[in-house]
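Each of the next two complexes has chain A plus one other chain: chain B in the first, chain C in the second.
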Partner chain A sequence: MRERDPIQLPVAGLLAVIAVAAWFGAGYFGQELLAEIAILAIFAMSLDLLVGVAGMVSLGHAGFLALGAYATAGATVFWGWPPAAALAFSVAVAGACALGVGLFAVRLGGVFFIMITLAIGQMFYAYFFKARAFGGDNGMSGTPRFDLSPLGLETGDPAVFSALMLVIAGAVYVALLLLVRSPFGMMLTAIHQNENRLASLGCPVRRYKLAAFGLGGAIAGLAGALMAQHTGFVSPDLAFWTLSGEALIIVILGGSGSLVGAAGGAAVFVMLRDHLSDGSFWEGLRLSGDIATHWQLVMGLFFIAVVLLARDGLYGRLSWLVDRVRSAWRGRGGGA
Partner chain B sequence: MPDGALLRLEALDAYYGRSHVLQGVSLSVESASVVALLGRNGAGKSTTLKAIMGIVAPAGGSIRFDGEAIHHLASHRIARRGIAYVPEDRGIFASLTVEEHLSLTLPRAVTRGPSSKEAIYEQFPVLAERRRHRGNELSGGEQQMLAIARALTQSPRLLILDEPTEGLAPIVIESIAGIVHSLKGAGLTMLLVEQNYPFAVGLSERVYVLGKGRVRWEGSPAALEASPEVAATWLGV
Partner chain C sequence: MLLDPEFLIVQTLNGLQLSALLFLLSIGLSVVFGLINFINLAHGTLFMLGAYFALSAARAFDSFWLVLLVAPVGVAVVGGLLYLVLLRHMQRADPMKQVLVTFGLIFVGLESVMIVWGPLPHTIDVPALLAGSSSVLGQVYPTYRLFIIALGLAVFLLLYLGLERTRLGAIVRAGVDNRTMVAALGIDIGLVFFLVFCLGCGLAGLAGVVAAPVFSIFPGMDMSVLILALIVVVLGGPGSLKGAGLGSLIIGIADTYGQVLVPELARVTIYALMALILIFKPAGLVPVRSGH
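Let's look at the complex of A and B:
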């Protein structure tokens, strides 16, 4: 008998330590990267709930991120809502829309589900692209950040804002982990493994899938609201399918179904992009700095390598490695 | 055929793509009886069971359970009417423990407390020992027992078993047979698909022989024993 997922909490703890150390060590630009990583981690974990836990591969998840971002932008700029209230509004709007979309999307499986989520994500993109009130394809700026001045904190300071984002990402992680390990999460895991089987046991499979889809959309909306606060700017690109694809890559890179893998994958993704697109990084390796202009090519090769060498992602590979070391250790102890 | 059958299939038709796999299958299962469905590979046995469970949508005909038409219902609603199904592949979830499998079935069954789960463990001591093991850590026989045990947590009125002895060692088959016989002793209604001819014939009160999607013969096990030509033509024994 093996303990299920024994490295989940140690890896999460390690990531937390790295995040705290990075926060203390980071300068202005580093804090911006940290905030970006934290927000992307929330978005990736929300997708992991769908893809890795419940087995619903969505290519339109960015649509809900964009909804959350636009809801926050609209509520704060047009209606003058405080950012915290706008954030709650974003979560509600994205969650409600995900439930609406889910009503028919969860009836489909496999490639049909991918195609319908892709189509719906692109519909959001097309809407925001044409929506004059939101600046159309130019997007709109002016979304304010949380007001923490009563606590003596200035969220305009990147260090304060990135710390806040890290705390929120940590809270989302803990909440999702508890959810995945609850009876509800067990049902989703079972649905992923064999949907028909669970249905013939009397489980209303679609209702569970719908709940997961709605929840995933709501958390994506949260990430969108935070993203709007972070950059102060929203544009139709937030709904574009390539962002959904990026999140999917992050989930697969990190190791789908593990949550902490998605969070770690977000960090790896942002750091890689940052380094590979920086000419001085390549010059440091005694290579031409021009390679930086082709960073996406290098990134692509990296992903191909990960998928070939670690089909279950970085987390899955690490888990496998720990398992091997442990059993080798035990084998030696038993043989002596 | 007397009325009051618990399960009644009438002129059931089903297709896989263009191939007409069930061609007017009719059969009935009386309360507290065991019915065996025999036939060669590809005769339509498993498809009949899947049609009952709503996994394969019938193209025509009707399925009635306790008088109610169920052929248009979703799988989970059929299960909730009181039909438990143990599929051929056993349907064990690799990453869930034995304990979790038994809690999985229905929220209702879970809240009914540990009593029912404990009763199951009493009936399946092997599972009690392995309650914290995951599905992929169980042997084939243990998986089969878990699949049957899980079906029993649904407190079914009809238990459908698809080849419960397939691919198991003789000694394991014996213990599975013991369990199924004790369920029959307790008065549970069962519909059984089996390739293991002696096991099926020894257990059931009524036998249907399927061939190429149709019912080719029906009768008592004794009558089947007395008709070697049926067995030779449709069962290959």
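Let's look at the complex of A and C:
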């Protein structure tokens, strides 16, 4: 295992610089993409806490995303809560539900944990699909965005909103990084590496896993609340298991357990989807623009390739590259 | 409503028809899960492929019975190729990778179907012989749906005999119980597993073929049945034929009645049932593995 993680902060800094540059360069549509990336990055990082750090592979994480989204939609539309209060409510609801689910789920391991989280995520999907109060399978619209008019900011402006999302994503990243590097995070990593040893040392393994599961759910709820604000719309599809699957792919693509990798993976994923479904991208490659209609085929092949080839993800490859360059540098005796 | 015999008979038959389809679909999934703890999420895609193969075969041949034979064989071949090219190499990978590779296959299958057969739904006709209605306990019911129930039952009996009375069946049972031990006895469990995998894929294709005249054939028809099939596998117990039969029966009947009686909560209850089984009886209702 990696003893230290020397490239974590430089990579995060690089991503931040790219994000800021993209923000300055982006037009209307670009800002929408940027906000989507930021929100998906939060969701992917929350899943990385479960999968990469604590070793719990969940195929139902989108259930908590949907809970957060619906909690925000319900609280703002039905009760007239301000979006900020609704956001806190979303985090609380998703976190509480995740704790409730986790109470049972963390008793299982391996493929059975995947199955139970799938079942529970689909349970939320089935509920929202039929829930008349929330518009059933049509979903519901009308979720307002944060009101920052006292600060003189208009969140209806895509540039303002995407900047806000990037700031929040950055804050979530910093908080998660501190958490992962805290004694609590070390315990989670240790449990991931050898659960039996930790249990035999007297560590309350399930309690740690439960805490991670609840926390991951709460952050997924935060992402859901932001997603509802971004699109102004919630639908049962937010809870559908394929979204959980895509988030897992993002985590693996970025490099499981590296946090910043999950954020980078989210960016690659959104950009790739955007390009693949755009006819002019294919024409630029001197191929037929019609391929864009079947972008999911390319995406599916990409998923398979990622899982088969990306052993430790983009982050892991980068880490390896940096190591190689460094040792080559030292070998030449050039480094001071 | 519940005491009305007409309602009871028709809904029970509907439930049994769904059970028969779920059984055909889940038995392959179950045995593969039981043998190597491998969840093939693309199993629903094979079901969809079966329906589309039936569509093309129905255009090529006149006989429904020929379609019923050819299309599942086609699906079994696709399943076999998939196994040889991709899934075989995934057996030792961790569960997450297995799940996600087959997850990617779902999208590939979905788009391939759209490229070949177009995005619009299709229908195929019920064979003339089975097109009418029959009387069941005084109720008029489509003969074709009775045929599906009978087919499910027949396949169950055939598989039961095959599993209990043949050498291959004995090896499969032993393999589910303890794969390593079977291999140590000098049996090529890999080959047996390959055959079982193809058979399971073929049966999923068969489910798609017989479902095609009842439901419309459309890209994405795999999604709705995949999760139900997974629930059947978990409920019955991975690797268990009787479990898959019992699980299909429970889920088929419960889902049919649930959709009619409590549409708001029906599916929620079924997913909750799956979660509860996983927590309290992870080996399912008919456990096959005799401890570790």
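Basically, the second predicted complex is superposed on the first by the 323 of 336 C-alpha atoms of A that agree within 3 Å, B and C clash if a C-alpha of one lies under 4 Å from a C-alpha of the other, contacts with A are read in each partner's own complex, and residues count from 1 in each chain.
Throughout what follows, contacts are C-beta pairs under 8 Å (C-beta built on N, C-alpha and C of every residue); 3 or more make two chains touch, one makes a residue touch a chain.
Everything quoted here is computed from the prediction, not taken from an experiment.
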Partner chain in contact with A:P204 - chain B first, chain C second, else both or neither: first
First, second, both or neither for A:G284, with chain B first and chain C second: neither
Which of chain B and chain C A:N196 touches, first, second, both or neither: first
Which superposed partner A:F104 touches (first chain B, second chain C, both, neither): second
Touched chain A residues, chain B compared with chain C: C
First, second, both or neither for A:M186, with chain B first and chain C second: first
Touched partner set for A:M299, first chain B, second chain C, both or neither: second
Touching partner for A:G13 - first (chain B), second (chain C), both, neither: neither
In the complex with chain C, residue positions of chain A that touch it: 51, 57, 59, 104, 107-108, 110-112, 114-116, 118-120, 122-123, 126-127, 129-132, 241-242, 245, 248-249, 252, 294, 296-297, 299-304, 307-308
List of chain B residues in touch with chain A within their complex: 53-55, 74-76, 78-80, 84-85, 87, 91, 93-97, 100, 103-106, 110, 132-134, 137, 150, 154
Chain A residues within the chain B interface of the complex: 1-2, 4, 183, 186-187, 189-190, 193-194, 196-205
Residue ranges of chain C touching chain A (in the complex, touch as defined): 37, 39, 86, 95-97, 99-101, 103-112, 114-115, 223, 227, 230-231, 234, 263-268, 270-272, 274-275, 278-279, 282
